[in-house]
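These notes open a run of structures that come right after.
Note that chain A is present in both complexes that follow, paired respectively with chain B and with chain C.
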Partner chain A sequence: MSRVSTGRTAVATPAAVRTRIRGRRRDAGAIWRGLFFASAIFLVISIAAIMVMIGRPAIALFAQVRPWAFLFGRVWAPEHGLYGVLPFFAGSLAATGMALLIGGPLGLAGAIYLAKLATPRAQRVMRPAIQLLAGIPSVVYGWVGLTALVPFIRRHSGHVTGFGLLAAGIVLGVMVLPTFISLAEDALRAVPQDIEHGSLALGTTRWQTIAHVIIPAAWPGIAAAGILGLARAIGETMAVQMVLGNSPVIPTGLIVPASTLTSEIVLEMGSTPQGSPANNALFAMGLLLLLVSLGLIVAVRATRREATAGVREAH
Partner chain B sequence: MSARRTDQIARWTVTAAAGLILLVLGYILGSVLINGLPVLSWHFLTSRSSNLGPGGGISLQIFNTLYIVIMSMLMAVPVGLGAGVYLAEYALPGRLTSLIRLATESLASVPSIVFGLFGMVVFVNAAGLGFSRLGGAATLALLNLPLIVRVSEEAIRAVPADLRHASLALGATKEQTIFSAVLPATVGRLATGVTLAAGRALGESAVLIATAGMSSPRYLTLDPLASGETLAVHLWAVNAENSLSDAARIADGTAAFLILAMLAVSLGIGWLARRLDRRLAGQG
Partner chain C sequence: MTTETMSLPTMVPPAREATSAAPETTRAAARGETDPEPQPAVRVRDLSVTYGTTLGIKGVDLDLPERSVTALIGPSGCGKSTFLRALNRMNELFPGVATSGEVLVRWDGRFQDIYAPGVDLVELRKRVGMVFQRPNPFPKSIVENVIYGPRRHGVTDRALLAEAAEEALRQAALWDEVKDKLNAPAAALSGGQQQRLCIARALAVRPDVVLMDEPTASLDPISTGKIEDLLGKLSKDYTIVIVTHSLQQAARVSEKTAFFLNGELVEAAPTLQMMTNPRDRRTENYVTGRFG
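What follows is the complex of A and B.
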C-alpha cells in the first residue's frame, strides 16, 4: 500500500494532482449518490417487507380457515377453532365512526376558528395547544380515559362498568383533532381570497361567506383531512384498549364492553405461540388493518387530486 | 332569524368549540399533573420498579426510554435524511419517484400495532433476538422514518437556489454543494423535525410491547440485546397486569413524568426554532 502511494507522489505534477482530486471527488460523489438512492429505495423495501411478513402468517391461517369464515365469522373462540373477527372489525368501525362523529364537528369548528376568525393573539394560544394535544402519548390518553372518563360514564349512565364504544369514541375523537384541524385549516386557507372577497362584496355576512363559499370550495381538502383522521383512529391501539373493556362480541350498545382489531392484537400477541392458528389470526387481523389503511391513503390521494383540480377550476 | 343574528350565533358557536378544545387539553394536562406530580419524589425517579410489592420506581424505565429513543433516532435520521436528499435533489419525475413517494406515504399510514407485529416476527422470532432494545429501536426507527424523510425533503427544498448556485459556481461538485452549502442551511428545520420525531418515539408503546418487551434487566447495562421496558410501556403494563397494590400510583407518576417530558420536548422545539432562526437571520 505505502509503496504504491510513494510511487504516485514521486510522479505528481500539478495537473496530475488536479485530475486525481477531481477523480476522487467524482468517486466520493458516486458513493454518496448511491447511498442517497439506497436510502430512498429502503422505504420501498420496508413497506414491501411489512406486507410480506404480515401477509405470510395470514396466508398460513387461510390454509386452515376459510377467508369468509374469518372475515364474517361472529364467534372468536380460538380454543374451539373459531376465528371470526367480525366482532373486532365491527368494533373498529364503530369506534372510528364515533370518533368522526365527535371529533369531526369539533375539529371543523376549530379549523374554521383558526383559519378565519381567530385574532393573531388567539392563534398564538391555539396553535401550540393543538401541538401539545398531538404530543400527548396514547397511553396517557388511555390512562385519563380509564381514570376519569370511564368512571364518569359509569356514574351518569347507571351501567356496571362504563367501558365501551362511547368512551373509546370520545378519546379517539380528541386524539384525531390535531391531524384533522391542521389539515382542514390548510384546506380552508387554500381557498383563493378573491372568491371570499367577491362574496363579501355582495353584502353577505362573514358566516354566510364561510358556510356557502369557503367550506364548499375547501370541501375536498376537508374530506381528505377527515380520511386521514379516520386512518389515525382505526390504527390507534393503546388508548382504545384501555377504555373499551375488551369483550370479543359484536357491540350491542355504546356502553357495553367491546373490542377492536388493534386492542385484540395487543392483548394476545404476547400470549399466543408463534405459528399457531391463533397467532396467525392476529397477523391476518394486522393485514386487514394494513389493507384498510392503505385503502384510505389511496382515497386521500384521489380526494387531493380532486382538491387541486377544484382550486384550478375556481381560478 | 335574520342573517346577522345567524352570523352572530354561528361565530359564537365556533369560538365556543375552539374554547372547548382548549378546555379538554387543560383538563388532560391538569388532571395528569395534579394526580401524578405528588408521586414524583426523588425516590420514585431513582429506584427500580418492583414486581413483588409496592414502593417501586421508574429509574430503569427512564434509562430504557432514553436508550431506545436515542438508538432509534441514530438509525432513522441518516436513512431518512438520505432519502430526503434523494427526493429533493436527485429524483426525476417518473415511475420510480412516484413509487418511492407512495411507499413513504404508505409507511406513514401503517398503524403502530402493525409495526409491532412486524418487529416481533422479524427481530424477536426470525432474528432470534428475543425481546431486545435493539429490536425495539429498529422497529421504532421504521415508524419514524416517513416523518423524517418528509421533514428533510421540505427543509432541503426550502434552501434558496442562490446558495446552491454560488457553491456550484465556485467549482464544487453537486455532492460537495449538498454537504457544505445545502445541509448546513437546513439545520434549524431538521433539528425541529428530529425533535418532533423523538417526542413521538418517547410516547410510543404499541410498537415496543412485543419488540423491546415489558421487563428490564436487573442491573444497569448498555447491552442492546437486553430487554428494555420504556415509560409508556410501563404505564400500560403496570395497569394491565394489575398485580401491585400501588399500580394506580405508579401509573399516575409515570403519566406525569411522560407529560413533563413531552412539555420539555415541545418547549425545546420552540426554543430551537427561535434560536436557529435568529442565528440564520444574523448570518443572512
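What follows is the complex of A and C.
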C-alpha cells in the first residue's frame, strides 16, 4: 500500500489534491463546530447563572423562613414577617387552569379545522392570522382586557370591579391559542392517512373518524401542545397583572381580585429593598415558577416520547 | 355524470331511481360459453376515472359475480387499484379525482348507481367494505378494532358487540389466536394477524361486497397462505374483489379474473380460462410472463 501511494505522489495525483482539500475542509469544520459549541455552552451558562441568581436569595430566605411556611402559608404580610405564597401559587394555578379550560377546546377545534376541514384557501388565510396572535405584545392583550373585557364582565356580572380569574383566564386562553393550535395541528396531521381511510371505508362519517380515530391517535401530541400552552400561561405576567386585580388572597371566586406568582413579583420588586426577606421571597417565588415550568417541560418530553413510541408501535 | 369532492355524508336515505334490475345476460353467456356466471353483485358500466388530467381508467365494463372471488390483475399502474377504489368511492378522498360512468351495486334488492346524486356514502361503505394493502389497524385494542364499525353505526349493547366481535374474528380465522388477549393493543399482533384483524373489522360491519387491495403484498408466505385460505371460505357469504400482482394468487383464489392494462380492461373471464386460454394476445403475453 505504501508503495502505491509513493508512486502516486510522485506524479501529484488527484488523490493527493483531494487529501489536501479534505484537510482544509476539516479545518473549516473545526472552526464552525467550535462556534456552535460555544453558543451551546453560552446557553448552558446563562441558564446556570439564572439558577444561581434566583437560588441564592431563595436560600437566604429559607434560612429565616421555613420552606413549609413559605409554600403553604396563607398570609402574605412581609411587614409582619409572614411570607406565605399560597395565595399567589393558587392564583397562578387557577388562572392557568382557566386558560386551559377556555383555550383548550377552542384551540382543539381550531386545530381540527385547520388540519382536516379547511380548504387550502382558508388555511392560507387562517395560519398567518393565528401566528399574528403570537406576535401581539402581552401588554396589548392586557390593555384590551383591562379596557374591554373587565368592564364587560363588571357590567354583566354585577360585581364591583370585574377583575379576577375569569378575565385572566380568557386573556390567557387567547394568548396560548397560537402555540396550542399549531402544535396540535401538527399532531393531527401526523396521524397516518391509512388509518383515516380505514375508518372512512367502514362507513363512518368524517366527524366520527375525527372523533374516534384521529383525535385518539394524536392525543399524546395534543396533550404535549396543551402542556406547552400551560407553561406559557403560567409564566405570563403583564396581561395577567393588568386584569387580575392584584389582591394577595386565595381566590374564592372567578370574579374576585386575585394574584399570581408573576403578577406579585412584578408588583413588589420595586418596593422591596434588595437583600430584605421580602425581596428574597420574590426570588423564591421566581424559583418556584421555574421549577413548575421545568416540571411541565419534563412532562412534555415524556408525552412526546410516548407519542413517537405509539406511532412506531403501530407501524 | 361526474362527482366532485366527497360531500359530507348526510342522513338522507338513499332515495333514488333504481337503474334497471333486469336480469343480466353475463358476458360469458353472451359469448355462448357454457358455464354462466352467478348473478352479479356489482355491475360496472363505462367507468372512467381521471386524476387531474391523467387518465386512471377508461371505459371499463365489468360484472362482479355474487358470492365469489374476482381477481383484478395487471402490471403496476394499470388502474386495477383505481378501479377497486371506485367501487366504494374511496378515490374521492384524493383531490382532483373525477369519475364518470356507472357502478351499479345490488342494494335493497335492486341495482343502484353509487355515483347517482344523493347517494349516502356511509350506507355505500357499509355495503361495500375494504381491506387495504398495508394492515392499518387503529391504535386501539384488538376487540375495539373489530367493533369499531358496529359501534359507529349505533350498536351499543355490550353483549351484542362482543358477539359481533367473536363472529367477525372467527370468520377472519383469527379468533383462536387472539381470544385470550382481546384487550391487547392491535399493534402487538404480527403483520399477518393485523391484516386478518382488518378483515375482521371490515366483516363486522356485515358488508355484501369486500374489496381487497393487494391484501397480502406486505405479508410473509405463511400469512399469505392463511389469508388465501380464508378467501375461499368468505366467498360463500361475500362478494370479494381482490387486486393482486401475483398471477398464482389470482389462480389460487379467484373464480373470475379481469386483466387491466394501461387503464383499460383488456379481458375478463373465468380464471381458468384466463390462465390457460386467454382471448387477447396482451393477456396471453401477461399470463405467460412475457411482460409485467
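Basically, the second predicted complex is superposed on the first by the 282 of 315 C-alpha atoms of A that agree within 3 Å, B and C clash if a C-alpha of one lies under 4 Å from a C-alpha of the other, contacts with A are read in each partner's own complex, and residues count from 1 in each chain.
Here is the rule we use: a contact is a pair of C-beta atoms (placed from the backbone, for glycine too) under 8 Å apart; a residue touches a chain by one contact, two chains touch by 3 or more.
Here the structure is a predicted model, which is why all the values come from computation and not from measurement.
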Based on the shared chain A superposition, would you classify chain B and chain C as clashing or fitting together?
fit
Which partner chains sit in contact with A:Leu114 here, chain B, chain C, both or neither? Use first/second/both/neither.
first
Between chain B (first) and chain C (second), which, if any, makes contact with A:His197: first, second, both or neither?
second
Residue contacts with chain A in the superposition, chain B compared against chain C:
B
Contacts for A:Arg206 in the overlay, against chain B (first) and chain C (second): which applies, first, second, both or neither?
both
Taking the superposition as given, does A:Pro216 touch the first partner, chain B, the second, chain C, both, or neither?
second
Between chain B (first) and chain C (second), which, if any, makes contact with A:Pro137: first, second, both or neither?
first
Looking at A:Pro128, would you say it contacts chain B, chain C, both, or neither? Reply first, second, both or neither.
first
Look at A:Met238 in the shared chain and tell me whether it touches chain B only, chain C only, both, or neither; answer first, second, both or neither.
first
Quick one: is A:Ser182 in contact with chain B, with chain C, with both, or with neither? Answer first, second, both or neither.
neither
For the superposed model, what is the least distance in angstrom between any CA atom of chain B and any CA atom of chain C?
5
In the superposed arrangement, what residues of chain A touch both chain B and chain C?
204-206, 208
List of chain C residues in touch with chain A within their complex:
8-9, 88, 90, 93, 121-127, 129-130, 132, 134, 136-140, 148-149, 152-153, 185, 187-188, 198, 201-202, 205
Note which residues of chain B are touching chain A in the complex, please.
3-4, 6-7, 10-11, 13-15, 17-18, 20-22, 24-25, 27-29, 31-32, 35, 78-83, 85-87, 89-91, 99-100, 103-107, 109-118, 120-122, 125, 142, 145-146, 149, 173-176, 178-179, 199-200, 202-206, 209-210, 214, 232-233, 235-236, 239, 248, 251, 255, 258-259, 262-263, 265-266, 270
Chain A contacts chain C in the complex at 192, 194-195, 197-206, 208, 212-213, 216-217, 310, 313-314
Mind listing the chain A positions that touch chain B in their complex?
25-26, 28-29, 32-33, 35-44, 46-50, 53-54, 57, 105-106, 109-110, 112-114, 117-118, 122, 125-126, 128-133, 135-144, 146-148, 174, 177, 181, 204-208, 210-211, 231, 234-238, 242, 262, 265-266, 269-270, 274, 282-283, 286, 289-290, 293-294, 296-297, 301
